[in-house]
Amino acid sequence: MWTGDTMTNAYELIVNILTAIGVYDQIYNLFEIFGMAYVLKILIVSVLIAVLFAFVLVTVMFLTWMERKVVALVQVRYGPMVTGPRGLLQPVMDGIKLIGKEDIIPAKADRWIFTLAPFIVFVPALLIFIPIPFGNSLIISDLRVGLLYIIAISAVSPIAVLLAGWASNNKYSLLGAMRAVAQDISYTIPLALAAIAVVIFTGSLSTVDIVNAQGDYWFGIIPKWFIFLQPIGFVLFLIASIAELGRIPFDFQESESELVAGFFTEYSGMKFAMFFLAEYAHLFAVSGIVVTLFLGGWNGPVIPFIPVQITSLVYFLIKTYAVIFFTMWLRDTVPRMRIDQLLNIGWKIMVPLALLNLLVAGFLVTAGVI
Amino acid sequence: MPSNAFFDNYLPIAILTVIGFVFVAVSLFMSRIVRPSNMTKEKLTTYECAEVPVGDTRIHFNIQYYMIVIVFLIFDVGILFLYPWAVQLKNLGAPGFFQMVIFIEILIIGLAYAWRKEALEWTQ
Amino acid sequence: MSGLISLMIIIPLIGAILTFLTRTRGQARIVAILASGLSLVLSLLLFMRFDSSIPTIQFGESYVWISSLGINLKFGLDGIGLPLVLLANIIIPLTIIFAWGETKQANRFYGLILLEQVGVLGVFTSLDFFVFYIFWEVVLIPMYFLISIWGGPRKDYSAIKFFIYTHVASLVMLLAIFSLYFNALSITGTPNFDIFHLLKNYQVMDGWLIQDIITLKDAIFLALLFGFIVKMPAVPFHTWLPDAHVEAPTAGSVILAALLLKMGGYGLFRIILPILPYSDSHGILISLMAIIGVLSILYGTFLALAQRDLKKMVAYSSISHMGFVMLGAAALIPLSVSGAMYQQFSHGLITGILFMSCGVIQHSAGTRIIGDLGGIAKHMPRLTFLMLAGFLASLGLPGMSGFIAEFLVLVNSYFTLPTFVILALFGIVFTAGYHLWAMQRAVFGTYNQKLGHIHDIASYEMVSMSVLVLLVIFFGLNPGPVLNMMTTNAEQLLEFVVLRGVIT
Amino acid sequence: MADLYSYLLVAIIIFTIGSYGIITQRSGIKILMCIELLLNAANINLVAFSSFNGSATGQVFALFSIAIAAAEAAIGFAILIALFRIRDTINLDNINILRW
Amino acid sequence: MSYLLLLPELLLISLALVIVLLGLMISDRSKNLLGYLSAGGLLASIVFILAIKGEGSFFYDAFVVDPLSQIFKLIFAVVSLLAVIASVTYFKGSRNQDEYYALLLLATVGMMVVASANDLVALFVGFELASMATYVLAGFEKRNPASLEAALKYFVIGSLSSALMLFGMSLVYGITGYTSIPGIIEFFTTNPQAATGAINIVAMLFLVAGFAFKMALVPFHMWAPDTYEGSPTVVSALLAAGSKKMGFVAAFKVLVLALVAMRADIQLAFAVLAVVTMTYGNIVAISQRSIKRMLAYSSIAQAGYISLAFVAITPEMSQMAIGGGILLALGHALMKGGAFIAVAVVGYMVLSDNRNVKNTDDLEHFAGLGKRAPITAFAMLVFLLALAGIPPSAGFIGKFVIFYSITVDAVIQASGWMLFIVIVAILNSALSIYYYARVIRYMYVLPPAGERIKEPTPYVVAIVLALIGTIGIGVYPEPFIQMAMDAAKVLGV
C-alpha cells in the first residue's frame, strides 16, 4: 500500500500510486513493447493536465459565483439564488448565455489581432498554474526557476491586453488597454522585488523549495511562514498582485463608469468569456502564489492516517480561498483610486519600500541573523 | 526523445499550451455554431458612450505612457540581475551583499532621478 | 666651441616669436633685423673659426631627444654646409632690409621670414636624419603663408601647389629614410638616425624591393633623389616653381630661389653623393642625374627665353642654373663637385639680385611684362645699374661669382660627361642671350609712356641689392675662402669613387 | 530533436529576419525592433553554446546583453520620441537634413 | 594587487552619480559648478592614471590594468577633460547640465572599461556603456533637429554594430568556449587546427564589422559625418577623439590578441579597409563646406592611417606598428579634440554676431579668424597642420612611426601590395593638405567678417591644453613613445 511519501511532482505521484497498486509495470511493459515508453509519460501528463484544466475551469466558475455572493454578503442581500441550490449553477447559465451570444467584430477592427487577443490572454493564465504547488507532491512540474517563470508568464498578459485594446479600434478600449498596461508594468516591479526578498531566504526559485522552507515552527508553535519574516514584503506583494489583476481599487483597465469596460468593451460572446475566464483564473493563481510565498503554502498541522497529499491540498485551498475572499472583500469596501494616485503609490512608495525591504532581507541573511 | 529532467519539467508546459489554445479555439467554434449572426452597420460601429464615434482612434498618447515604459524597462532588467544574486546570496557572503548594495543604490539613485525629473508623474 | 650652431638657430626662432607679438611695423622690423643680424654674426664667427683644411664635421653638437628611436639633436658643419649657412644668413637680413617698407601685416611677414631662416639653417646644419626631415618640412609652412597672404593674383593655387608638390617629395624621401634607418637598425642593433651612420650602413644593404625589377638600394636612392630634385627643382619636376615664384612676394621669391632651392642641392651633396657609388646600378643612375641636369639647363633656358614676364623668366633661369649643380654633382670629379657647390652659393646671391630687381620694377612700374616695360633706365638709373650687374653675373660674366662656378662645373665635368657638357654649352649661349635681350627690351630702349611717372629704387632696397652685388663681385674675384672648404669636402666625398671603380 | 545546430539555426533565422528588417524598414520603431532581434539572436547563440559547452559564462553574457538591450531600447525610444516631437515623423527617409 | 589601480574609474563613476544627485538638488543657475566639478574629477583621474604605477587584474581577471589600458585611459580622460572644459561655456546656463556631465563621465568610464577589459563580457559592457552615453550626448540639444537626427543615425548604426559585435562574440564563445581573451588565445594555441575553420572567418567578420563601425572605417562610416556635424560640437569632439579610439583599443585587444591565429586574413582585410578608408575620407573631405563635416571625413581618413597598424602586424614590426597606431591615436585625440573645440569657438562667435545663423560651422565663418580670434585661429592652424602630419607635432610622430613600420614591412617582405599601400598612404597624406590648407587660407588670408571677439576663457583653456599636448608630443615624444611601445608590448604578438 502506498505510504504517503513526498514526491517531486504529480507525475511521479501517479506513477508511484500506480506502482503501489501494482499496475504500472504492466502498463509500462505494454508501451515498452511498441517502443513508445514516452507516450505513456505524455499520456499521464496529459491526464494530469486535463485534471488541472478541469479544476481551473470549475474553480473559475465557482469564483464568479463566489464573487457575487460575497458582494451580496457585504451589501446585505442574497445574490444569485434561482439557478441551482443557492444559485450555484449561475456560472453555468452564464456560460450558456455567452455561447449563444452574437460575436461582433467591429467593422474597423483589426480582425486577426482582435481574434488573437483572447488566446493570448487565456493561455498564459493557465500556464501560471504549472509550478503552483497545490499540495505536497501535487504540482504539475517543479521548475527550478518556478518563481521567475510565474513572473515571466504573468508579464504576457499586458501584451494581450494591448492587442485587444488596439485591435478594437475604440478609443475607450485603447485608453483602457494603455492604462492597464501602464498599471501592470508599474506594479510588476514591486511585485518582483518583493518576491526576491523571499528568494533570499530560500536560496531557490523553486516553489516547492519555497514551501518547504516554511515547514518549520518557531518555538514549536508559530509556523515559519514568510509573512512573519517579510511582513512588508507580504503587503507589497499582495497590493501589487491585486493591482496586476486589475481589481478594485485598482481596476483602471475597466473603470466601468469611465471607460465603459476598458479594453474589452468591444468583445462579446465567447471572446468576452475568455477574458472573463482568464481574469478569474488569474485571480486564483495569484492568490495561490501569495499563499505559496508568504503563507506557508500547503503546510499545516499533520493529521495522522490521512495521506499528507490530501491534507496539504486542503490547507492550500483554505488559505487560497481566504486570500481570494480578502480581495473580494476589498473590492466591496474600498473606492476606486485615481490613476495618478495609483502610479504614485506604485513608483514612489512601493518600489523604494521594496528595494529597502530587499536590502534589509539581504542584510539579515548575510549577517546570519536568520 | 531525450529523457532528462529538463524536458520532463517542461513537457507539461508544452501540453498545456496546446490544450489551452485548442480549448479557446473549440469554444469559439462552438459558439459560432450555436450563436445567431445578424450583423448590422450599427452593431459594427464601435461604442463611444452612446455617441457616434468621432475622429481617429489611433490618437497620440500622453508622453507619460512612454516614460513609464522606459522606467519600467530599466527596473525590470535591473531585477533580472537581482534574481541570480538572491539565489546565491548565502554562498556569496558579505562581499556579494555589498556589491549588490552598490547596484541597488544605483537603482535607487535612478529612481530618485526619475522621480525628481517628474518621469513618474501622471499629470503634468 | 659647441652650442654656437644651436644658438644660431634658436635666435631667429625667438626673434620670430617676438616679431609675431609686436604691435607695430617699426618694432617688428627692428626685432627681425636684430635677430637675423645676430644670427649672421654667429655664422661669421663660425666661418672664421672654421678649419677649411679638414673635411670632418666641426662645431659638432649633440643632444639626446628621442632615445627610444635613437634620435638626437645633432648639429655640425663642414665644407658642404657652412657656405650655405652663410648664404642663408646673408640673404635673410638683406631680404628683411629689402622688405623694410612692407605694410601689410608686417609683424607676421617678418616673423615668417625669420621662421624660414630657422628652417633653412636647421636643414643645413642638422646631422640627424629625423631632425633634418623635420626642418625640411618646417620650411614649407612659412613659405606657404608668404605666398598665400602676400602673393599675387593666383596665390592660392600656387601656394597649395607648392605645398603639396614638395610635401609629396618629402614623404617619398621619408620612406627612403625609413628603409635606411631600419637597415642600420637591423645591422647594428641599436637605433640611430645619424645621417652618416645611416649612409654608411647603406653600403652593406641587400635585397630587392620588387623581385627582379628594382633592388632596394636603387629604390632608396631614387626615392631620396626624387625628394631632392623636386626641391631643386629639376626638370621634369619643376612645374611648381614658376607658379610659386611668380605669385610669391619679392621677399618670398628671394628666399625661395636663394635658399629653398639650395636645400635640394645640399641634399645632393650630403646624401646622394655618398651613396651613389654603392648603389647597384650606379652607371645608370649617374647618367640619369646628368640627363636631368642637362635637361634642366636646356629646358630652363629655352623656357626663360620664351617668357614675357620678367619674374617668370628669372624663375626659369633658376631652373637652368640649378641644372649646373646637378651636372657638376653627377660628374664626380672633385673640382666639378666643388664647382657645383659653389654654383649653389653663388646662385643664391645672384638670384637675390634678380628677384629684387623684378620686385622693384613691379612696385614702381606696376607691371613685370617685358613688352610693357621699356626705357625705364632713364627713370631708374640706380636700379638699372644694380640690375645690370645682377644680369651679367647671372649670365656668367667673368669676375662675378657665377662665372667661377659654371666654369668649374663645365670644365671639369667634361672629363667624365663630355656629351652632356657640350649640350650644356648651348644652354650657356642662350642664357646670355635671354638675359641681354630681356634687359634690352625692358630696361633700355624707348620709354613706354603708358607707365607714367615712376620712382627709382628706394634707399633700403638699394642697400640690400648693393650689398648683394658687392658680394657677388667679391666672391667672383676671391672665391678662395669658400671654395677651399668645398673642395676639401668634395675630395673627401669622392675618395671612394675611384676605389669603387665608378669612373675610370 | 534539439541539438546545437537547431538552436543555431533559430538564431541565424532570427538574425536574418532582423538584418532584413533593418535594410528594408524605414520606420524608426521597426528598426529598433529589428535591432532587438539581432541581439536576441546573439543571445540564443550564447545560451545554446553555454548549455552545450557546459559553462555558465554564456548565460551570464546573455544576461548582460539583455540588460544592455533594454537600456539601448530605452535610449532609442527616447531619441525617437524627442525627434517625433519636433519633426512629427520617425520615418528615416524623412530624417535627412544632414546631407553633404 | 592593489585596488588603488581602479581609482580612476571608481572616482569617475561615483562622481557621475554624485553629479546626478547634486543636479537634483541645486538650482539651475548654479549648475555651472558641475562642469568644474567634473573637470576636477577628470583631472584627478588623469593624475591617478599617471601616478599610480603597477599592474593588476580584477574581477576574476575580467579587468586588467596594464600599460595598454593605461595609455588609452589617459587618452580618454584627456579628451573628456577637454570636452568638459569646453562644455562649461558651450552649455552655459543649460538646465540639463547635470545629465550632460554625468553622461559624459559615464561615457569616459565606459571607454576606460573597454581599455581595461580582458574579457569579452567586460568589453561589451564597457563598449555599450560608452555608446549609450554618447547616443544621448549626441542628441543632447533636443530642440535642434540636426542634433536629434545625428543621435538617431548614430544610435541606429551604433546599436546595429553592437548587435553584430555581440553576434561575433557569441560565435567566438561557441568556437572556443571562453569569453576571456587569454582563454581564447590559449584555445587557439593548443588547438591550432581549430584556427582554420570557416566559422572563424565568419566570427571575425562580425567582430571586424562591429569594431569598424566605431572606428568609422569605410564602409562602416556612414554615421560619422552626419553625427559629427549634427551633434553639439563639444560632443563631436568627444566622439571623434574619444569614442573612436575605443573601437581601436577593442580591435587591438580582440583582433590582434585573441584571433592571433588568423593574422594573415586580418592583415589583408585591414589593408583594404585602411586604404579605402583613408582615400575615401580624404577625397570626400575636399568637397565639404561644413567644417565639422570636413573634420569628420578627416577623422575617417585618420582612422584609415591608424588601422595601417593592423596591416603591419608581422612578427618583425608588430610592436612598432601597434605602438605607432597608439601614438597616432593619442595624437589624433588631441588634435581632433582641439579642432572641434576651435569650431565650437567659431560657433560661439558666429552666434554672438547673429543669433539666427543655422550653419555655424560653415567655412565662410572662418574668414579672417586670425584677426577675430587669434588664439583659436593659431591653435586651429596647428591642429590642422598636425592632422596633415607636418612636423613637429603629435600627428607627425604617430604617422612617422606607423608609416615607418609599414614601409619596413613592405621592404622586408618585398611585398608589392604593401608597397602600394605605402604609396597610397603618402598620396593621401599629401592630398589631405589640400583641404586643411583651405581652412588655413580662410583663417589667415581672407578678410575678417566682423570685429575681434573675446574668446571665452574655458574654450581658450581647453584649446591651449590641446595645443600644448599636440606640440608637446611632437617636440618631446620620448615618454609617449615609451608608453606606446610598452602598451604595444602588452599585446606581445
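Letters are used for the chains, namely A, B, C, D and E, taken in the order the chains are written, and counting of residues starts over at 1 for each.
In this text, a contact is a pair of C-beta atoms (placed from the backbone, for glycine too) under 8 Å apart; a residue touches a chain by one contact, two chains touch by 3 or more.
Because the structure is predicted, anything quoted here is derived from the model rather than measured.
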{"item": "Chains touching both chain A and chain B", "value": "none"}
Grouping of chains that still touch (sans chain B): A | C, D, E
{"item": "Separation of chain C from chain A in steps, with touching chains one step apart", "value": "3"}
{"item": "Chain ID, smallest distance between chain and overall C-alpha centroids", "value": "E"}
{"item": "Top-ranked pair of chains - ranking by C-beta pairs in contact", "value": "A-B"}
{"item": "For chain A paired with chain E, centre-to-centre distance based on mean C-alpha positions, whole Å", "value": "54"}
{"item": "Chain C and chain D: spacing of chain centres that average the CA atoms, whole Å", "value": "64"}
{"item": "Gap in Å, rounded to a whole number, between the CA centres of chain D and chain A", "value": "33"}
{"item": "Length of the line joining the C-alpha centres of chain B and chain E, rounded to whole Å", "value": "40"}
{"item": "Of all residues in chain B, the ones touching two or more other chains", "value": "1, 69, 76"}
{"item": "Chain D: positions in contact with at least two other chains", "value": "71, 78"}
{"item": "Chain C, residues touching no fewer than two other chains", "value": "none"}
{"item": "Pairwise chain contacts under the document criterion", "value": "A-B, B-D, B-E, C-E, D-E"}
{"item": "Residues of chain D that touch chain E when the two form their complex", "value": "8, 15, 18, 22, 28, 31, 35, 38-39, 41-43, 45-46, 48-50, 53, 55, 57-58, 60-61, 64-65, 68, 71-72, 75-76, 78-80, 82-83, 86-87, 92, 95-98, 100"}
{"item": "Residue numbers on chain B that touch chain D, as the complex places them", "value": "1-2, 63, 66, 69-70, 73-74, 76-78, 80-81, 84"}
{"item": "For the chain B and chain A complex, residues of the former touching the latter", "value": "1, 3, 8-13, 15-17, 19-21, 23-25, 27-28, 30-32, 34-39, 41, 43-49, 53, 57, 59, 61, 64-65, 68-69, 71-72, 75-76, 79, 82-83, 86-91, 93-94, 96-97, 100-101, 104, 107-108, 111, 114-115, 120-123"}
{"item": "Chain D - residues contacting chain B, complex", "value": "1-2, 63, 66-67, 70-71, 73-74, 77-78, 81"}
{"item": "Touching residues (chain side chain A, partner chain B) in the complex", "value": "11, 38, 41-42, 45-46, 48-50, 52-53, 98-109, 115, 118-119, 122-123, 126-127, 129-130, 140-144, 148, 168-174, 178, 181-182, 185-186, 188-189, 192-193, 196-197, 199-200, 203-205, 260, 265-266, 269-271, 273-274, 339-340, 343-344, 347-348, 351-352, 355, 358-359, 362-363, 365-366"}
